[in-house]
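Take a look at the structures listed below.
There are two complexes below, and they share chain A, which is joined by chain B in the first and by chain C in the second.
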Partner chain A sequence: MTSNRIQYTLLGIAVIFALVYLFPLYWMYVTALKSGTEIFAIPPTFVPNEPNWGVFGYVWEVRGMGKFLWNSLVIATGTMIITAGLGTGCAYVLARYRNVWIDVALFLILMLQVLPASLMITPLFVGFSQIGLLNTPRFAVILAVSAKAMPFFVILVRATFMAVPGELEEAALVDGNSRVGAFVSIVLPLAKNGVLVSAILIFMQAFGEFVYSKSIIQDVNLQPASVGLNAFMGPNTIEWNNIMAYATIYVTPILAAFVLLQQRIVAGLTSGALK
Partner chain B sequence: MTSPLQIELKAVNKYYGNFHALKNIDLAVPSGTFVALVGPSGCGKSTLLRSLAGLEETSGGKMEIAGVDVTDMPPRKRDVAMVFQSYALYPHMTVAQNLTYSLRIQKVAKAELRAAAEKVAASIGLTELLDRYPRELSGGQRQRVAMGRAIIRNPKVFLFDEPLSNLDASLRVQMRKEIRALHDRLGATTVYVTHDQIEAMTMADHVVVLRAGVIEQQASPMTLYERPTSKFVAGFIGSPAMNFIEGKICDNGTSVMLEMAGAPKLDIVQKVTPNMPVTVGIRPEHIRVAPSEECDFSLPVTLIETTGTMSYVSLGTAPELSLMLTDRTVFSVGDNIGLVVDKARIHLFDPKTEQAIT
Partner chain C sequence: MRRIMMSVVDGKGFDLILVGAALIFLFLFSGLPLLYNILMSFQEVDMFSLGKFFRPFVGLDNYRALLSQPAFWPIMWNTIVFVTCSIGGQFLVGFSLALFFNLNFVGSTFIRGLFLVSWVMPGLVVGAIWNWILAGDFGVLNYFLENLGIIDEKIFWRSDINYSLWAVIITNIWLGTAFNMILLSVGLAGIPEDVYEAAELDGANAIQRLWTITLPMMRSTIGAVVSLGLIFTLQQFDLFAAITSGGPANSSNVAQYWAWELSFRQYDFAKGAAISTLMIFFVMFAAIVYVRSTKHEVRG
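Right after this comes the complex of A and B.
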């Protein structure tokens, strides 16, 4: 057995897994373009016979996707800003100090990560309604999603900060800078990749968020695209091509962004701060 | 010394939790002095230097720099420059930006920055490298940038933490001279940390020997070499290290009997309490080979190491005795050779307290 053979075998297995994993995505795209009868044809067709490109414009209009996507964008952007704004400082402190309390804090943060959204939503809903946050439901969702996303962000960004040697900061302090100045001019630029990538991942996660939005936002005009998609899929749905067209419009921008940024994302997550 | 004190430490203490890292450090450094802090790894050299820079909070005592109490001042107000062992160059800045970082914090005008960087670069041979990034430099070049970053500020005190330990041997010897020359040219006050006693001896005006957070002795290099006040300093300063042999003062109080084969007696110049047990310290360079009729004692050769200029000879006794010769050796391993000790340069220590007997 040559090692080459093993490598090709492993590569083959990896490709098969990737195909299996990506198949639903492919199915989403082709189903969107098929006609109603072709969708249920047996055997199924893998390339649509008469692709119906008009479906996208139609769904966009009929379902009012503009406002749904805008709401998703608002929620994702707000979440990213709050998470990155608060989480970066938090991650920095957790990276720079070593003592028992820091360990306790890290443990609690990891605990938070474990709690599922569906469990948290009831207490959150009650709390939010009591302090009147339900009057600004998108903001309430932003807060809830930020709290949910924070641990993930903090853990990732902390690792990035830990890769920046403390001596660089000390050199900046001796060179005459303040702690804040040293953080801004030395640590942050070196940790930039990791912080940016983590923020983008948070954005993408918030863009697809469903549980909190569904429960907290009652007004259709303020709901994000994920809730809109859910509303589209009633129990007796037959418009699969339209639903798939909706899903396509929803995820394609995120997918495109991910593909465009993937090199940076992978680099930011693996390489640490210094190269 | 008449020049004013540039650094003054009074009873400085430092605890890390329960660990007492610096114990009652007193230090007075006149302006223009090159001070070396030397001692084995973990003795607190970096802690002391970092306390001076303000990177560590001290737990007690007082620190003054140029007459100003800096004990509770943050690093940026102390006006000291530090060269780190890792160099700590800012990786995202070019050499020029690294050099001018401190000036930019002081809001020096843009036009002056480049000129200042070029001037410093020219003085330490970095002119060609101003637009490179640290990752594109060799170890020696990085070292120079780190020094340039300190020089450009014209600080009250220069602090160096083992700056040469990452360089290869020949470069280290060269940089040793350059750093000392730079110190003289700038008329600077320098505190230089090293674990290498040769660096300390060759570069410094004043050497502070630290051991487990305590100043064991501080003096000029030659004083440390000639009159160490403890067995620790005697063994730490000088290379190869001093030989220690247990012995006992004879009845007359003017000679000592060594505890080794043949129980040889050596005359000593000082007068010591008779019958007192002592540790006798003899430097390898103060033992000489002699014909058997005039020697103090003779021992078999177990190892000869030659560098060309020097020969290091090990002699079989317990513990092993070493000697250093500059002339060609005419004997070989296994030979019994006669030895004469330079009596004026024998050191005596109390075996219990390990302090020098004077």
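Right after this comes the complex of A and C.
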């Protein structure tokens, strides 16, 4: 009885912590639904007087969000394909063996993971402009973001492969499978969940990518939603309800995907990130 | 030819191709730019020589010019303040929450997981939301602080040179707390329960247990979390772009934003490369500390 009461008290405190922590998100949704005058009310209203649901359609139209989100989608999908395509096999080999060379490769990969994008963009931009990649700016961004995301992906997925028992693969080899056959039909299916969750994380990161797109893509028609949001927020803007509506449209799909996959993402992170 | 094919399908060649493809890609788009960056920092690079492969070498001139800029030391100081306060704040809040959620009550795992939404949101969206929360006249943070009696008059977070850096730090603490908490939770869960029970039987109170058991046993996790924090904080760019743009008057500018500004606002790629090189070596140093602190964990 008392133990139950303690449990629910703790749960109550936890909910309060979560509400305080997630207040900024709530504030985004509420502000988006307020009218242009209500957002400047003193004291601020915490529930909109007359929710203005039309704001989303309006902002979508006026800011041309379809185009921006499409570009974000292109960049995120391209990044996910390159990163998962090249990174999965690499992670598999790095998990399979234990020797000095593997340690060296892991160390190099870790070193590349920590390079800040805002510092790497200078040489990437100059190099890309010299080999003509700036003519296909979205592709250039995909390459740059993939290089940034791959080390993280490899480290997460390697942890997944480490959890696959080596005996299963050996048994498949004894049964006459080739290495390719054993990898494709035994190891990969067993590691599927970890690979998928990591790929989704990479997708989410690339969907919100900013610094490479901002620097490389000059043509407004090819820019992703992050750059569009940045352009929307001028220094003296007063359209905060519209900006928050933009942010809402941009972030809600990501939040929905996160809530659905929350447990898997957290499990994947906690097993992989520290190892 | 046949032997090579066989090796690819069924031998060492398979491993080499899988690792090689990724490593070559990384070398082309990460390693090579890194080396190119170092090279550029010793060259004269302007709009005219941008497309040329052979540019005049100027030795250490770019670094000298950088050091002689009046903004250099203030920006470096800002970087130090930004990094220390962000990591300190994220760690303190994250560790307290991790300790709390470690009490393992109904629903603790689910609610703890919800905190991570801050981490999956695009940086620009986080920046936009906090930009509005931190607004001077109509910002909701000022409203809360005034009602709680903490401040008497409104703070113009983004436009007051005394507060602009703090506007970004507060946002960054919010952004990074969840990730810190999750990693620290993993470390806490790894401490065996019976150690605590033994200490409790010996009469150790909660604070003594924290100091003599939890913190020492968490040493490698804390080391990893702090160095990861350092790495992530030095990568933070989006929040600066969304909230203050480094201003006013460089009061909230930090090295990683400045490097981008030099290259893409002033088109001074050589100086941008010079500051990037300096910072990259610093980040790599942090990464080596990180690898060392998790060494036994890397080896599994």
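Quick notes on this one:
In this section, the second predicted complex is superposed on the first by the 245 of 275 C-alpha atoms of A that agree within 3 Å, B and C clash if a C-alpha of one lies under 4 Å from a C-alpha of the other, contacts with A are read in each partner's own complex, and residues count from 1 in each chain.
One rule holds in what follows: a contact is a pair of C-beta atoms (placed from the backbone, for glycine too) under 8 Å apart; a residue touches a chain by one contact, two chains touch by 3 or more.
What you see is a predicted model; the values in this text were computed from it and never measured.
With the C-alpha superposition on chain A as described, chain C and chain B fit side by side in the combined arrangement.
In the superposed pair of complexes, A:S178 makes contact with chain B and with chain C alike.
In the superposition on chain A, contact is made by A:K214 with chain C only, not with chain B. In the superposition on chain A, A:I186 makes contact with chain B only, while chain C stays out of contact range. In the superposition on chain A, A:A231 contacts neither chain B nor chain C.
Residue contacts after overlaying the shared chain place A:I16 against neither chain B nor chain C. Chain A is touched at more residues by one of its partners, and among chain B and chain C that partner is C.
Of the two partner chains placed by superposition, only chain C is touched by A:L106; chain B is not. Contact with chain C, but none with chain B, is seen for A:I243 once the two complexes are overlaid on the shared chain. After overlaying the two complexes on the shared chain, residue contacts for A:K148 are found with chain C alone; chain B is out of touch. In the superposed pair of complexes, A:A256 makes contact with neither chain B nor chain C.
Superposition on the shared chain A places chain B and chain C such that, viewed from the Cα centre of chain A, they span 90 degrees in steps of 10. Put simply, the nearest alpha carbons of chain B and chain C end up 7 Å apart when the two models share chain A. In the superposition on chain A, the residues of chain A contacting both chain B and chain C are 178, 274-275. Those residues of chain A whose C-beta lies close enough to touch chain C in the complex are 6-8, 10-11, 13-15, 17-18, 21-22, 24-25, 27-28, 31, 39-40, 42-44, 82, 86-87, 89-90, 92-94, 96-97, 103, 105-127, 129-130, 143-144, 146-148, 150-151, 154, 162, 178-180, 183, 201, 204, 207-211, 214-215, 225-226, 229-230, 233, 235, 240, 243-244, 246-247, 250-251, 254-255, 258-259, 262-263, 265-266, 269-270, 273-275. Looking at the complex, you find that chain B touches chain A at residues 50, 53-55, 74-76, 78, 80-82, 84, 86, 88, 90-92, 101-102, 105-106, 135, 149, 153, 159. Within the complex formed with chain B, the residues of chain A that make contact are 165, 167-168, 170-178, 181, 186, 189-190, 274-275. Put simply, chain C touches chain A in their complex at residues 9-11, 14-15, 17-19, 21-23, 25-26, 28-34, 36-37, 40, 45, 50-51, 53, 97, 100-101, 103, 105-118, 120-126, 128-133, 135, 137-138, 140, 143, 174, 177-178, 182-183, 185-187, 221, 224, 231, 234-235, 237-238, 241-242, 245, 256-257, 259-260, 263-264, 269, 272-273, 275-276, 279-280, 283-284, 286-287, 290-291, 294, 297-298, 300.
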